[in-house]
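Two complexes are shown next, each including subunit A; its partner changes from subunit B in the first to subunit C in the second.
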Partner chain A sequence: MRKRPLATVLSWLYALILAAPLYYLAVSALKTNIEIFTRPFALPAAWLWENFHTAWETARLGQALLNSVLISLVAIVLTLALAVPAAYALARTDSRAARVITGAFSAGFLIPPFAALIPTVVLAINMGLFGTREFQMLFLPASALPLSVLLLTQFMRTVPAALVESAALDGAGHWRLLTRVFVPIARPGVVSVTILQLLTFWNEYLFALTITGTSPDVRTVQVALPTLISDATNLGVLAAGTVLTVLPVYVAYSLMNRRMQEALTAGAVKE
Partner chain B sequence: MHRTTPRAVRGVAAFAVGALVLSLAACGSDEPAASAQGGGSLDVVTRWTAGNSAAAAQKRVFDAYTKETGTTINLTEGLEEIDDQVETSIAAGKSPDLVIVNLFDKTVGWLDAGVTVPVDQYVKDWGLETTMKPEALDEWRVGGVAGGELQGLPFSGFSWPLWYNTDLLTKAGVTSVPKTTDELIDAAQKLRAAGIGPVAVGGKDWTGQKLFYQIAQSFTDAKTMQKVMQEGGYCATPTVMNGITLFTRLRDAKVFVDNAAGLSSDDMYATYYSGKAAIMSAGSWAYTESKASGTGIETRTTLGGFPVPSGAAYAKPSAYQGFTGVGFMITKQGASPEKIGKIKALITKFYDQATVGDFVKDAGILPPVTGDFASYATDPLTAKSLGLDTEVDHEVLPDVWIGAASDPITQVLTGAYGKATPQEICEGLDTATKG
Partner chain C sequence: MTRSPRVLWLTVPSLVWFAVFSVGPLVAMFVIATLRWKGLLYEPTYIGLDNVTKVFADPTFHAAVRNSLIQVAVAIPVMIPLAFMLGYHLNTKPRAYRILSVLYFSPGLISISMTGMIFYGVLSPNGGVNGLLRGLGLDSLANAWLADPATALPSLIAIDLWRGIGWTAVLFAARLASVPGEVIEAAQIDGAGRFRTMWQVAFPMVKDYVRTLTMLQFLWTLFTSAALILLLTKGGPGTSSTTLSYLVYAKAFSMRDLGYSQVVGVVLLLFGIAGMALIRALLRGDTR
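The block that comes next holds the complex of A and B.
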């Protein structure tokens, strides 16, 4: 195999550029404000592990993490439950109606979140769900559906027609076709959508702040974190809180990313 | 093509609905909170979030209040967008009873908009009129003058002096704290020659905005300045233009640290605390934080005012003092017969001498009530601050007067810390003020 030193160097450089902010965040979480500003990339002179405890207690991150996990999980279950059958139907239908429906989903991209904010607030108020986690659980899947359906439709269109016919001849109905043929083959797509949307749900701030609110019982971790900001913020504590916020989603991503790679490479090589 | 079987549809639908129902069941609902509210609670939104130095003292008041009265506090922390948060909650029919918030930006218009109620009568009825400082009450009146309706009860007063690091001044050969702008320019040159930054300021946020106004009003009397801040007319008012020109002269003389336009308040604090700059303008809320920085900066700092130019409208160096920090605004719901008694018990508890002292000790507030709080001022800077009145003249704090134009004004002033000319600055301010 031919060596490509330039490519290797560039790859490492790119990796370093990506790692630099993470390193900065991690070391800042163990420093005082003064150190963060005077020695930004140096290791801490004194490792302030108590910053994590302070952030956890002060912003009540435990409850906030629980709320974020709950909202994200329910939202992702609902998203997949709605997007997978919709994508299946669109992938299997080549009619004008299907194209119109696909176009309608694509139009969802054209609506900027800010434009949807006020109508969504009004909707939450009218539904009696303002200031609750439940509204966020319902709203997030709705906002995620356009991208999820379009992505999954493309993945499901790669299912060979012969395989579908064969399964149908064996008596498989829609449910069996979906669960036994389409979903397994489109698994990389399902995992991709899951990762993508989980990250989006976890990081969502605007609607979580405006509609769910800052009450400690219901607020998400993205809303809890800014409570650490004051006129003279302890940036070490804020960075520690940010690490605690990022960590669960990083772990989830790492686990799911491996599954995605496995799914993508499964069957790629004949044995 | 296969037809969709009803069974398949039911399966998928049951899965989706089941997941939702299970999750909602797991989450619980708002009902317990609603019943608790009916059973004796107050909904409070506060600007003293968990990271604020006043949060601990606030919690002690709430805990004691709940213990004494049995009334629980449903506390919601208001972030930077606290005004939007409260307005949205009220629109949603979930109004808080009490908002602990600064008098700034949109909150200045809450009384007019019917969000909150006037509190003049409550101050009298609750026996606070005799103890509260008249100047504190006046700042919370409509128009900022005696006789105006009282929009809320001021609590967290502040002084906003200039901080001078005496060790660094001495090191640079500056023998005394500058009293005039010429002395300041001279000191800045000496500090720079010694490798020390002169005046640290967050040119892109509120700290830069306040320092700009402090300099810009140097030649203008308070009444005229209030009018200009409220209605505009920066370009058309010669004394204000002189002040703006003074600002650009100081900027061009490199009185501010390098790249001030790109710095925030956090940068300012860190630069000053770490000894990289010798001067900053910061409020009394930072006294406790400066001590907590662990650098010993509080022992090397003396407080004073901003140097005055010749021909200034003020005889002594200038500083801000105000009571438009955090105060209590009562919403219509809070003023309802079933709630107002609870509100009274809570608010009067805050004004108890020992409680005010607790806030002086923890958060370095300037007390809104008369009394001797020297014993609570354990922090050296707080102690110094309480006696600052004789050394400085107090200028007009812009907050109440610029109101909702605050954000666009700050954007204009970021340019002022860059390269904007006096004409560009005044035109930008006029445009931002008139919306």
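The block that comes next holds the complex of A and C.
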């Protein structure tokens, strides 16, 4: 292999640019405002663990984490319950109707949910679910459906026809085919969709802000954290809160590094 | 494959869900655009195309169009080629490429609201960037990045690039891994330089994928800038960092004019469609 000094230097330069704000965040989380201002990149003189406690109490992160977990879990169960049967049906038929449905989901995949933010707020009000966690639980699966259905369909198409025929000869109906043949074979797809959409649900911000709102009982972590900003923001506390909120995602990532990378690339590799 | 299409009934629940929560609101946008509606608690009245006239005569809207155009015209042409080159480099498995790919990947894990919080600290007058400049003896360059009309929008674009390039590079690397290595080697044996191999051999082979990702990044940048702007600049100072996406949000929730907001929403959607058509034309796949 020939040496490629320029590419190497540039790739590490960018890595440094990526890492610098994350490092700054981590050290700031243990400092006072004054220390953040005067010695921005130094390690903290005295490690101020109270920042984490203050952030937890002030933004009521405990309740917020609970809300985020609850919304994400219900939404992912609902997403799979809707997308898996649909993908099964689309993988097993090759009619004009099936192609129209696939086309509809492909178009839906391209439209960012933000486009319809305000009408969605109106919908939440009309359903009497404005300011509740329940609306997010119902809404998030809809925004996740196009990609989930398309990805799962691709995975289910890999089920060998011979296997389906022999199972059908044994008298297996749709339910048994789905649970005993298709889902086990498409399991990597189900795992990918689950990881990908859980991350999306966990990280969702604007809809959570405008529909679920900022009331401490129902707000998610993404909404709770920015409430730490004020005219006299304690940057150390803000950084500590950010670390607390980002940490679960990083822990999950380090536990299943490869699976997660596969899932997230699968989401965009879909062609 | 079954001949009976009856199994397609299983798609009905997901279609209904999608229609109610996604298609319905998208259609409603066009209706709301024709209403005079002063906030969600009031009764709307139909005023037809009056909102359109009002929006197109408003200097704030002109500023938003300009800012959105600048944002995508700078962010996308910088992001995609850099990401492709970095992805190509990652795919050659340089030393410590695992560390690199984990780092490149990490902004993809951080939500928009957390990104906002991180850069709130980094870009504040006493924050990380200014601290770094002072440390280098470049005090004169220190600036209130988000509060200066000249740097508010560039700062937001820089954040788009910060999070977008590495993430896209990892995706390109994943796609390039499926290009047969012999093709690249053959080109290099033929004496093609690294740069030429990258752009004239590898790039055409994954062009369709580059186009897909370019479209996605374009739509992302265009539509989702509202969240970061809301957290960091509120569109200001003045209208210097107001984009179309933020204007949709601000008009509905702080300025209480839903009709106006949704006219802008329709414009944004048309922008999105036009941009996708343009990207498709520019990165047309080779006819095989």
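By our rule, the second predicted complex is superposed on the first by the 212 of 271 C-alpha atoms of A that agree within 3 Å, B and C clash if a C-alpha of one lies under 4 Å from a C-alpha of the other, contacts with A are read in each partner's own complex, and residues count from 1 in each chain.
Simple rule for what comes next: a residue touches a chain if its C-beta (ideal position, glycine included) is under 8 Å from a C-beta of that chain, and two chains touch if they have at least 3 such contacts.
Predicted model only: the values in this text are computed from it and were never measured.
Participant: Could you tell me if A:149 is touching subunit B, subunit C, both of them or neither one (first, second, both, neither)?
Facilitator: second
Participant: On subunit A, which partner touches more residues: subunit B or subunit C?
Facilitator: Comparing touch counts on subunit A for subunit B and subunit C gives C.
Participant: Which partner does A:121 contact after superposing on A: first (subunit B), second (subunit C), both, neither?
Facilitator: Both partners.
Participant: By the touch definition at the top of the document, which applies to A:70: first (subunit B), second (subunit C), both, or neither?
Facilitator: first
Participant: Could you say whether A:231 touches subunit B, subunit C, both of them, or neither, answering first, second, both or neither?
Facilitator: The first partner, subunit B, only.
Participant: For A:82 in the superposed arrangement: first (subunit B), second (subunit C), both or neither?
Facilitator: In the superposition, A:82 touches subunit B and subunit C alike.
Participant: Would you check which partner chain A:41 touches, where first means subunit B only, second means subunit C only, and both and neither mean what they say?
Facilitator: A:41 contacts subunit C only, not subunit B.
Participant: Answer with first, second, both or neither: which of subunit B and subunit C does A:13 touch in the superposed model?
Facilitator: Once the two structures are laid over each other on A, A:13 reaches no partner at all.
Participant: What is the contact status of A:215 with respect to subunit B (first) and subunit C (second): first, second, both, or neither?
Facilitator: The answer is first: A:215 touches subunit B but not subunit C.
Participant: For A:250 in the superposed arrangement: first (subunit B), second (subunit C), both or neither?
Facilitator: A:250 sits against subunit C, while subunit B stays out of touch.
Participant: Would you please give the residues of subunit A that touch subunit B in one complex and also touch subunit C in the other complex?
Facilitator: 36-37, 82, 85, 89, 92, 121, 125, 138, 174, 210, 223, 226, 228-229, 233, 235, 238
Participant: Note which residues of subunit A are touching subunit C in the complex, please.
Facilitator: 1-2, 4, 7-8, 10-12, 14-15, 17-22, 24-25, 28, 36-37, 40-41, 82-83, 85-86, 88-90, 92-95, 97-98, 101, 104-105, 108, 110-123, 125, 138-139, 141-143, 145-146, 149, 161, 174, 199, 202-206, 210, 222-223, 225-226, 228-229, 233, 235, 238-239, 241-242, 245-246, 249-250, 253, 257, 261, 264-265, 268-269, 271
Participant: Inside the complex, what are the residues of subunit B that reach subunit A?
Facilitator: 1-5, 7-8, 11-12, 15-16, 19-20, 23-24, 26-27, 29-30, 33, 49-53, 74-81, 84-85, 88-89, 91-94, 265-267, 269-271, 273-274, 276, 283, 285-286, 289, 292-295
Participant: Can you check the complex and tell me which residues of subunit A touch subunit B?
Facilitator: 32-34, 36-38, 58-60, 70, 73-74, 77-78, 81-82, 85, 89, 92, 121, 124-125, 130-134, 137-138, 168, 173-175, 177-178, 209-210, 213-217, 223, 226-235, 237-238
Participant: What residues of subunit C sit close enough to touch subunit A in their complex?
Facilitator: 1-2, 5, 7-11, 13-15, 17-18, 20-26, 28-29, 32, 40, 85-86, 89-90, 92, 94-95, 99-114, 116-122, 124, 126-128, 131-132, 135, 162, 165-166, 170-171, 174-175, 194, 208-209, 212-213, 215-216, 219-220, 223-224, 226-227, 230-231, 245, 248-249, 252-253, 258, 261-262, 265, 268-269, 272, 276
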